[in-house]
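Same chain, two partners: subunit A is paired with subunit B first, then with subunit C.
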Partner chain A sequence: MAKILSYEEKDTWIHRLSGVTKLVFFLLWCLTSMLTYDTRVLAVMVAFSLVIFKISKTRWKQVGAVFKMIMLFLVLNVTAIFLFSPDQGTHIYGTRTVLFHIAGPYDVTKEQLFYELNVIIKYFTVIPAVFMFLVTTNPSEFAASMNKVGISYNVGYAFSIALRYIPDVQGEFTKIKHAQEARGIEMSGKASFISRIKNTSSIIFPLIFSSMDRIDTVSNAMELRGYGKHKKRTWYMERKLQRNDYLVIAFTVVFMVIALAVTYSNGSRFYNPFV
Partner chain B sequence: MEPIIEFKDFSFKYRAQAEPTLRDINLSVMPGEKVLIVGPSGSGKSTLAHCINGLVPFSYTGDITGSLKIGGKNPADLGLFGMSKIVGTVLQDTDGQFIGLTVAEDIAFALENDMVPQEEMFKKVDEVAEMVDVKQLLGHAPGEMSGGQKQRVSMAGVMVDDVDILLFDEPLANLDPATGKRAIAMIDQIQKNKKTTILIIEHRLEDALYRDVDRIVVVGEGRIVSDTTPDELLAGDILEKQGIREPLYITAIKHAGCVISPSDHPQHIETMNLESYKQPLKDWFASAEGKKPGKETASVLKVEDLYFSYVEGSPILQHIHFDIKKGEMVSIVGKNGAGKSTLSNLICGFYKPTKGKILLNGEDIAPLSIKERGEKIGLVMQSPNQMISKPMIFDEVALGLAVRGVPEEEIKERVYRTLKICGLYPFRNWPVSALSFGQKKRVSIASILVMNPEVLILDEPTAGQDYRHYTEIMEFLKEINETYGITIIMITHDMHLMLEYTDRAIVIADGHLIADDTPAKVLTNEVIADKAYLKKTSLYDLAVNCQIDNPSEFAERFITYEREHRILKENRADG
Partner chain C sequence: MKLKFGIKEVVAIGIGTALFVALTQIQIPTPIPNTYLQPRMAVMAFLAAVFGPVVGGIVGLLGHALGDALFYGSVWWSWVFPDGVVGLIIGLFAAKYAIREGGFGSTKSIVFFNVIQVVSNAVAWIVVAPLLDIIIYAEPVSKVFAQGAFAFVGNIIIIGILGTLLCVGYSSIGAKSSSLTKED
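So, the complex of A and B:
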């Protein structure tokens, strides 16, 4: 479980890029994908995402479980759109080509299907980018990158500290759970759902109390070593921007500009094949 | 030369407290000195340390009278960050102090905060890592490292700042004995190479004295009780009066009726002049009684040919077998990560053995669930905070019974009875938060005892406790063992605990059982002690250096004598 979506050291040019570059790419890429509904642009982005995903040598095992979760959300999302707004496609594209009738106000129209297809493609432009960013960026470098793009180092460091202590807290959680199970507090499937929720408190409270002890030590340790002394700090794991980084950032910006120009060329965010 | 630390008529009172924690402290430390600070819990020695590293008054506020100068300056003028440039503190909790995601980042932490350019950081980190021998580990995450390695990283993390003073807060508390020895050697080396002033706060005097120190300062009830050389201190009786454990060889010599002279250099057993003590020790050995053979009782917990592995092909435990008799007090020892905790997890049923059997009273417990086992085998975690989940003492102790559907009347009766046994009856309606750490520990033990288990397994019952609390907890366990016949198994790396309180030690190293014998025999056997990261007891060296031909029997008789002596002393105190 612990290995899912976590960084893995590999030697590809994507791994060698600075975290700043990947963060910039990730943010701009997602922004572009959010803004455009132009199917042609989205299609190019999907193709491109898949290529990047391939190059980053990400294995299915690293992301499979999360991918399935996202698929579940996608299905829910698409269904919900249809249920709540079956004529969204008509609204957008201005025509109404009924394929067949279901019941009440629910007609399946070509326009609705096309609209929802665009939503699905949007998911697929972003998913590989998210995965790529998470599994190829060294978490230590992540904090440094956030700081570099202008976010306060406290935020970055909070991330870092969380990553640092998650395994410790997990270990502590298992220990406490075991001890409470031995006292007779049932946490397995044998107990009813309600009593399991109630029983969780017998793990959560000890976990909180032992974590509080830890927090005190950690904050003392950080202060004793000068954390927060200056408005800025340097980062041991920071990666300097190299030629490739500039190329990628330049490419991303250019791509975004072109993509948005193409998208808005007809005066709306949508590409309309129906007129 | 100016002293680097200078307390003058210094007193400190925490804001939340009525009485000062430190009173009339007068103490000077010269640059390059190595000073050991000892004292029982609550004596004020941690507060003294906080005054030196700046946590007092910057993190813990209160009233200060008198003066304190660190490096000739007033800490109040320097601020906490200014102080951190002069004093580097290595905390007891090596996990808590490990802030970076990897070793290199952790070492660089102070430099990052100081905005040192990256190139310079790389150089500096390499340099310091070399000094404490963690260069190979630079890319490692804390989870992949041992306690000793993490501690060395902590040292490196404060040494990058070129501090003048290194302050170690109980450096030995979380380490197994052999690793502790190495840590003390490392500290010594740093002091010799860099001429850093070293302050070590520790109550494990014998282990801390593995290398020379210039002075020992004893703190008691907020005052400095003694400030003298180790030789002078060990010859006197201040340690005993303050409730600090003397090195065992010193106690043994005193038992033999000798008065120790500082001129014999009692600081190290290896180099101590023993001429005048040899004969009395031999006489004492001849007259002292050995261990009385215990009654043979029936087996209560038997482990047969036990194997365990998470992944096939890399076994955590192999061919473990032992037989614990009813009413025994047994210790399971071995270095951290040797498989001790896995063993207790198998016994409690959290994991299933790959092969082999565990028998309780002759019956295989494989079919029993965790809950069913929990009624017969109770597990007490290291810290009471890991167990306590109810705000009120009564509810906490009643929890195990309540979830088993025991009628309310019976719960009340059994909880009250258990609270009486544990000396907690007067507090039965109190909230848990009002208790001290030792009392909380009792609550956690009571919450298990209430289920009438036959076997009690305790994970590091005395970790981080000073001698007084240690004795309190252990005497309590001994009492429930003797009075109620509950078999007690303790997982520990505390050598004193195994020696003084257990009849048998089961030694595990790298997943194998390497010894199952009396603690005295285990701790006088160099091969076993080495393999299990224990340390030979100094009683062994004492016996050998005095030409006593059976060192393990000497240790055995010493323990027997100690136990009886302790009972006598208690009776005197009671009556």
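So, the complex of A and C:
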């Protein structure tokens, strides 16, 4: 089974922050990184991300497998951009400095390399933030604190049910898969395209039906315990926003404003070293 | 159309998202290189058709964001929203399919479901995804439309086959009120 990122309990000040604070940071951080193509801003963000990663005491073992996967996608994406549009850099920066010629329409230009460098840096600004968020946020506490800042507890509950049941559903998936393989159903690459769709459905059908049963069971259990009767709920894992939470949120907002101001100061999202 | 949001919908979002995330790991490679059929899309279409637009939309959004984050460690936001769009549009007509009532299975309902899913995928992958790619990530136009077109074809195939089968299968097993036929 593929290895996925999961929460691990540690005692750092990042772990002690409220889940909402980390979500706000994570979303604004991603948004800033999406909007800006300014290489200077991106470089600062990469540096920050690495510091955060270090402070959160995340070990390589927790994230290494996933990181390798991202690198694979990164390479695929960068190659695809070049194949489909070798002149995107010229299109953006307005100049064309050919370094060397490959074949047909494919020239390697400085502008293209610079543009793709920015795409790569963008990945590296977000990856540590995602790791930090997933590895340091306790799901139960997260649901509770979402409710504390005014989000409907239905949302918090749906979210924590999702996180709670991912391992269960995965376990069931593996069980069904093994059972079907024992009956001689081929799941590997040896089977043909059509029979792979068929074989996949022989796993998905039982999985869906048992999940639909699970939805009935869980919602009946919740109804019996009076879920949704009142407008408010109390939470075991509740944690109030503290000084550090406000500081982090304030910092994130200020950082975002400055980053965007710097980015758009020259009239476009791109930092252009070529003119 | 009434927008019901009760305990069942909350749980359906939770467990549906968990399903979607768990199924992120099955990708069926197609003869076209680097394009995969995603059975999780069929499952989402099924959940949307059974539980309606809110459940479909949120399972698409949350499931995609969470699944990508957990498995791949990065979230490609411009492809998260189209998933939500597909779930939302398919879910809008949940009452028409009448899956839980056992009314799904006639040729007419299957054609209707597939027309809706093709339309929703067209909106999502040929309009929303490439536009967001261009606006958010400033990616090359030809690349994003090519990717969008592959995703469109892949998703209508998998939802068309697996999604339809799931709806028919569940509808015939979970048949309740409309399973009775009037005798003359």
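Going forward, the second predicted complex is superposed on the first by the 206 of 275 C-alpha atoms of A that agree within 3 Å, B and C clash if a C-alpha of one lies under 4 Å from a C-alpha of the other, contacts with A are read in each partner's own complex, and residues count from 1 in each chain.
The criterion applied here is as follows: a contact is a pair of C-beta atoms (placed from the backbone, for glycine too) under 8 Å apart; a residue touches a chain by one contact, two chains touch by 3 or more.
Note that the structure is predicted; figures quoted are calculated from it, not measured.
In the superposed model, A:E181 lies in contact with subunit B only, and not with subunit C.
Of the two partner chains placed by superposition, only subunit C is touched by A:F73; subunit B is not. In the superposed model, A:F209 lies in contact with both subunit B and subunit C. Once chain A of one complex is fitted onto chain A of the other, the partner contacts of A:L134 are limited to subunit C, with no touch recorded for subunit B. In the superposition on chain A, contact of A:Y106 is made with neither subunit B nor subunit C.
Judged by the touch definition given at the top, the superposed model places A:R233 against subunit B, while subunit C stays out of reach. Looking at the shared chain after the overlay, A:D168 reaches both subunit B and subunit C. With both structures placed on the common chain, the touch criterion links A:F84 to subunit C but leaves subunit B unconnected. Looking at the superposition, the partner that touches the larger set of subunit A residues, subunit B or subunit C, turns out to be C.
Contacts of A:S160 after superposition on the shared chain: both subunit B and subunit C are touched. Within subunit A, the residues touched by subunit B in the first complex and by subunit C in the second are 160-161, 163-164, 168, 201, 203, 205, 209, 214, 218, 222-223, 227-228. Looking at the complex, you find that subunit B touches subunit A at residues 53-55, 58-59, 80-81, 84-85, 89, 91, 93, 95-102, 104-105, 108-118, 121-122, 125, 142-143, 157-158, 161, 345, 348-350, 370-371, 373-375, 377-379, 381, 383, 385-390, 399-400, 403-404, 447-448, 451. Here subunit A touches subunit B in the complex through residues 139-140, 160-161, 163-164, 167-168, 172, 175-176, 178-186, 201-203, 205-206, 209-210, 213-214, 217-218, 220-230, 232-238, 240, going by the rule given at the top.
Interface of subunit A with subunit C (complex): residues 1-2, 4-6, 30, 34-35, 37, 63, 66-67, 69-70, 73, 76, 80-81, 83-85, 88, 91-92, 119, 122-123, 126-127, 130-131, 133-134, 154, 157-166, 168-170, 173, 189, 193, 196-197, 200-201, 203-205, 207-209, 211-212, 214-216, 218-219, 222-223, 227-228, 269-270.
By the touch criterion stated above, subunit C contacts subunit A in their complex at residues 5-8, 10-19, 21-23, 25-26, 28-31, 34, 37, 39, 42-43, 46, 58, 62-63, 66, 69-75, 77, 136-143, 146-147, 158, 161-162, 165-166, 169-170, 173-174.
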